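What follows is a group of structures, each given as C-alpha cells.
Look at the two complexes coming up: chain A is in both, with chain B in one and chain C in the other.
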Partner chain A sequence: MSIEKGKVCSWQLLFLVAGFVQGSVLLIDFAVGITEHQTWMVILAGLVVSAPFILSYAVLAKRFQGMNVIQVNDLVYGRFLGKVVSVYYIFFYLMTLSFNIRDVGELYITFLMPDTPFIFLLIGFTATCAYAVYKGIEVLARVSHLFLITGMFVIISTFALLIDQMDFSNFLPLFELPFIRIFQGIHLMSAIPFGETIVFLMIIGSLNKTEHAIRNTFIGLLIGAISLLIVSVRNTAVLGKTQTIWTSTSFQSIRLIDIGTVLTRMDFLIGIAQTVLIFFKCSLFFYALAVAVAQLFGLKSYLPLVLPLAGIEVIIAATVFQSPVDHAGITQNAGIIYSAPLMFVIPPLTLLIAKIRGLPRHERGKDA
Partner chain B sequence: MIFLLFAYAFIITVNVPGLIKRKEWRELTVFSILCIIAFVLGLMYVLDIPVPSPMRGLQHLIVDILGIKYPEN
Partner chain C sequence: MILGKVKKGIFAVQILLLLMFPLLLTGCWNNRDLVDINIATGIGLDRTEEGKLLLTIQIVEPAAIQSTASGKGKGGGAQPEPVFTQCFEGETVFEAVRGMLSIVDKKVFFSAAQVLILGERLLQDGIEEVLDFFQRDHEMDYQMRILAAKDVTPREILEIKNDIDPIPAVYIKETVDNTVARGTVKKTMLIDLIKDIEDRGKQPAIGQISKEGEEKVRTEGTAVIKDGKLAGWLDPYETRGYLFAIGELRSAIVSVPADKGKVAMEIMKAKGKTKVEFENNQPSMLSIKVSVEANVGGYEGTGRLDSPDNLYMLEEKLKEEIKKEIIMALEKTQKEYSSDIFGFGTYVRKFHPQYWKNAEKEWDSIFSNLPAQIQVDAKIERTGIIINPVASGD
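What follows is the complex of A and B.
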C-alpha cells in the first residue's frame, strides 16, 4: 500500500531533479578547496561517473512502478535484510537533511544575519520545510519549475554581470593537480550533487506515468549539472587562485559586481537563490525521510511524523559539526565514504537481484 | 526551555487528538517515540549537555579504525 496519494507528472520530475541538483550549488565550495581551478572538470567527470548509477535508480523505480524504495527493499531482500537496508537509506536521508539545514544556518550566520542565534535560523528554516512536506509531493512538484527558474535567473544574470571581470587564464594550467585530489573531487561531486538524487527512489513511485521517467530524470540532471558548471566557471574565472581562501566563493565573486557604481552589493541575490534552492532540496529530503520512516513502520500516513522529525533534525543540524571547517573536513572524508555503498552498490545490486528473481512477480505476470 | 515546552505542547496538540479520534494506534506509538527522542535531544541542547554526533562516530570508524581516508590537501 502506498502512503502518498498525490501524483507527480512526468515533466514535473524533470523540474524536481533539476531544482534538486541546483540546490547543491552551495556545496561546490567543498570541492573548490580540493580541486581549485579544476573544479569545472570534476563536475563534468562526476556527472559522467554517476550517470550509470542514476540510470540504475530510474530503471529500478520504473521496474517497481508505484512503489518506493522501502517497499522495494522488503520485496527484493526479504523482510529482515530489507529492513536493514531501509534503515541505511533512512540514516542517509536523516543525516543529509541535517547537513543541508546546517548549510543554510551557516550561510545566514556568516553572511546575512550574523547576530541572530543559530538555533532560531535552523528552527525557522526547518519549520518552513515541514510546512512544505505537510502539503505533499504533488504541491512541491507543481511549483518546482518556479524554483528552477529562480535559480537559473540568478545564475545566468550574475554570470552576465561579471563577464567584464573574468580572466579565463585562471583555468590554466589544465592538469596541474595530483590524481588523488582529482579523484576525491570526482567522488565528492558524484556523491553530493548527483548521487543524492537517490532520494528520488522515494518519489518516482508517485509518478502517474513512468514512460518518460528515465529521459526526464536525465534532462533534469543535465540542467542541474549545467547550472553547477556555470557557477564553477564564474567563480574560477572571477576569483582565480584566491577562490580557495573564501568560505563561500559565490558570495565573494558576486560582491565584485560593480556596474557604474549603481549595481553593487548584489550578494543578496545569491542569498535569496541559495535559500530558495536549498529549501527545495531540503523539502524533498524531508519528504523522503518522513515517507520512508512511515513506510518502515507500516503507517497509513507520514503526516504525524513530520513535526517530531523536524524537532530531531533541528538538534542534529545544530550539533552534528562544531564549525564550518569541521563540516567541510568530515564531509570531504567520512561524509562521502559512508554513503558510497548506498549510492553506487545497493541500487544496481537491487536491480540485479530483482532481474534474477524476476521481481516484481505479480506486475510482470499481469504484463505477460 | 519554555520555548521547547511550548513547541512540544503545540506538536502534541496538533497531532494527538486526531490520531486518537481515528484510532490510529500504530501511528500514535511511532509519533510518541519520535516525539520523546526529539524532546530529549532538545532538552540536552537547552541544558548544554553534549549531544553525540553520529558523524563524529562514523568519522572515527571510517578514518581512525578502518583507515579509509583521503590525504590531507
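What follows is the complex of A and C.
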C-alpha cells in the first residue's frame, strides 16, 4: 500500500519531467567554468550518456507499478540491505534539495536583495515548497504545464531579444579544450540536470496508467534538454569568452538586453523564471524526500514530516557551504562523486536483481 | 440561508486578504527613496601623483533638479545646486566609493551612471585592475559609456557646467552618441571593454574625450590600449577607418574630391570584416573587407552626376578615400602602437586554434609585421532630391 493517494496522469509525467529538467537551468553555470564555449555539446553528450540510465529508472518504476523506490528496495535487497540502500536515496534527496534551496538564496542575495538576511530568503522559499508538498503530487502535476510554459516563454523571449548581440563565431574553435575537462563536464551534465530525474522513482509509482511512462519521460527529458541547450547557446553567443567570469551567466546575458533603450535591464524576467522553475524542481525533490522518509519509517502519511524536514533543509542549506565559490567547487568536484553510484549503478543493479529473482510477478501474486 | 451568509463572510475575508497583499508587495526591504539617495550620473577615475586612486563622482540631487526647474523664470532666490562634483582619494575604487560618504550626506546610487571617464595617468598605469569593481558591483549598468580623457583630467570634464543640459554627464553621453553616428568616436560600453579585455586576441579601444573651450566637451578619436595600458591615440579619421574595418560604423560623412569641387557622401550602411589569411599554417596576410552603401549628401562644386559613369567614378573615389583611412588606422596601430585593436587575433584564435596556442604571447609583434590587403566595395544608391548641382556647367 502506497503512502500517496493522489494519482498522476501519464501525460502529466511529461510536463513534470520537462519542468524538472528545466529547473536546472541555473545549474549549467557550474559546467560553464569547466567547459566554456563547448557547454552546448556537453549538454547533448550528457543527455546521450544519461539516457540509458534514465531508461532504467523508468523501466524499474514501471516494473514495480504502484510502488515507490523505498518499497522496491525492501523487496529487491531484502529488509536490511534494502533499508541501507533507501537511506542512501534519502541522503541524496536531502542534500540535493538543500543545495538547490541554497542556489535560490544565492541568486536572490547576489542580484536582487543583497541586504536581506540569507536565512529569510531560505525560509521563505522552503515554506513555499513545503506548502506545495502539503498539497500533494497530484496538485503539482496538474499545474506542471504552467511551469513549463512560463520557463519556455522566458527562455525563448530572452533568446529573441538578444539575437542582435549574438556572435555565433564564439563557438569556435569547436574542439579546443582538453578531453579531461569535457569528460568532467559530461559527467556534471549527466548527473545534475538529467541524472537527478532519479527523483521520479518516487513519482512514477503514482501514475494511474504506466503504459506510456517511458515514452513520456523521454519526451519530457528532450524538452528539458532543449531548454538547457537554448540557454547555453544564448549565453555563449552573447557573452563569448567572458562567460566564465560571472557568478551567473544567464543573469548577465539578460542584463545586456537593450532594445532601443526601452526594453532594458530585464533582470526581473530571469528572476521570475528561475524562481518559478527552481520552486518546481525543489517541490518535486521535497515531495520525494518526505514520502521516502515516511515510507522508510512505515508512517501512514508523509504530511507530519513536511515541517520538520523543511526546518532541516533550511539549516543544511544555510550552513553547508561557506560561499558561492565553495558551492561551485564542491558541486563540480565532490558533489557528483557521491551521487554517481546512486544515479548510475544502483537503479540498473536493482533492475538486474529484480529480473533475476523474477520479483514483481511474485509480488503481484502475493497481492492477489 | 445561514450557511449562505457564512460563505459570503468567508468570501469577503478572502478578498480582504487578497487586497492586503499588494501592500506587502510594494518594494524590497532595502528600498531607498528618491529623497534619500544621491544619484551618480558620471564617474571619473584617475591616479594621483602619489599613485593613489582619485575617484570623481558627479552627483544629482533629484529634489533640487525639481526646484530649479520650477524656479526658473520665477527668478527664485538661492536654489540648492542640482548637480555637484566631488572627489575622493583611496587605495582602491571601492574604498574611495565608500569614503565619499564622509563628504556626501546621502548614499550614492550608481545604477544611473551614464559615463565612466578614465584619466590619462590611470590609462598609462593600467586599467584592468580598477575595472573589477565596476564588473563586480551589482548596481552598475553594463551599458555605461567608457571614455578616455585626453589632455584633461576626468575631474575637469565632470566639473563642466553649461546650459545645454542641466546634468553634464547626460550631455556628455548624448554627445558621444551623436559622434558615434558621425563615425569618429569608438562607442565603448562597459560590457565591450570587459569582453575585449577577456578576449586575449583583441586589444581594447576606448572612445576619447577632451575639452572644447571652457564649458564644452569634444568626443572624437580613440584611445588605443595595449595589455591594459594606454598605447596611443587615433585621430577622428583614423578612428573612422578603424570603425569601417571592424564593421562598427553606423553612419558617417565622407568627403570625396571630385572634379570641380568636393562631394560629401553619406554612408548609409557599412559592413566590415577582418580576417587573417594563412599559408602553410603560418599567417601570411591581414585581410580587411569593407562594403558600404552611400548616398550623395551634397556636391559643392560644378560637376555632373547624371550618368552611370559619373557615379562609377564617384564610387571609385569613395573607395579610395575609405581605403586611405583604414590604412592610416592600421599602419598606426601596427607600426607605432603594435596593438591589435582590430581583433585579428580573435580570428586566429577561433579559426586556427593550433597556431594560436603557440603564437598567443607574441601575437602583437606578429600582427605588427604582417602585410595587409584591404578591399573596399562602395555602392552609391541615391543622389537625393536633385541630381546635378544647380551650378553644374555643361
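Please note the rule applied: the second predicted complex is superposed on the first by the 361 of 368 C-alpha atoms of A that agree within 3 Å, B and C clash if a C-alpha of one lies under 4 Å from a C-alpha of the other, contacts with A are read in each partner's own complex, and residues count from 1 in each chain.
By definition in this document, a residue touches a chain if its C-beta (ideal position, glycine included) is under 8 Å from a C-beta of that chain, and two chains touch if they have at least 3 such contacts.
Only a predicted model underlies this, so the values are computations on that prediction, with no experimental measurement involved.
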**Prompt:** With both structures lined up on chain A, is it a clash or a fit for chain B and chain C?
**Reply:** fit
**Asked** Which angle, in steps of 10°, is spanned at chain A by chain B and chain C when each chain is reduced to its C-alpha centre?
**Response** 110
**Asked** Which of the two partners, first being chain B and second being chain C, lies in contact with A:Tyr57: first, second, both, or neither?
**Response** neither
**Which superposed partner A:Thr110 touches (first chain B, second chain C, both, neither)** = second
**Prompt:** After superposition on the shared chain, which partner residues are touched by A:Phe280: those of chain B (first), chain C (second), both, or neither?
**Reply:** neither
**Item:** chain B versus chain C, judged by how many residues of chain A each one touches
**Value:** B
**Prompt:** So, A:Tyr93: does it touch chain B (first), chain C (second), both, or neither?
**Reply:** neither
**Item:** First (chain B), second (chain C), both or neither touched by A:Phe125
**Value:** neither
**Message:** With both complexes superposed on chain A, which partner does A:Phe200 reach: first (chain B), second (chain C), both or neither?
**Reply:** neither
**Request:** Considering only touches as defined above, state whether A:Thr264 meets chain B (first), chain C (second), both or neither.
**Result:** second
**Message:** Looking at A:Ile34, would you say it contacts chain B, chain C, both, or neither? Reply first, second, both or neither.
**Reply:** first
**Request:** Just the number, please: smallest Cα separation between chain B and chain C in the overlaid arrangement, in Å.
**Result:** 17
**Prompt:** Where on chain A do the contacts from chain B and from chain C line up?
**Reply:** none
**Prompt:** Where on chain B does chain A make contact in their complex?
**Reply:** 7-8, 11, 14-15, 18-19, 24, 26-28, 30-31, 34-35, 37-39, 41-42, 44-45, 50-51, 53-56, 58-59, 61-63, 68-71, 73
**Request:** Note which residues of chain A are touching chain C in the complex, please.
**Result:** 110-116, 169, 172-173, 176, 239-242, 245, 255-256, 258, 264-265
**Prompt:** Which bits of chain A are touching chain B when the two form their complex?
**Reply:** 33-34, 91, 95, 119, 180-181, 184, 293-294, 297-301, 304-305, 307-312, 314-316, 318-321, 330, 332-335, 337-338
**Asked** Across the complex, what residues on chain C touch chain A?
**Response** 28-30, 135, 138, 141-143, 191, 194-195, 198-200, 349-351, 353
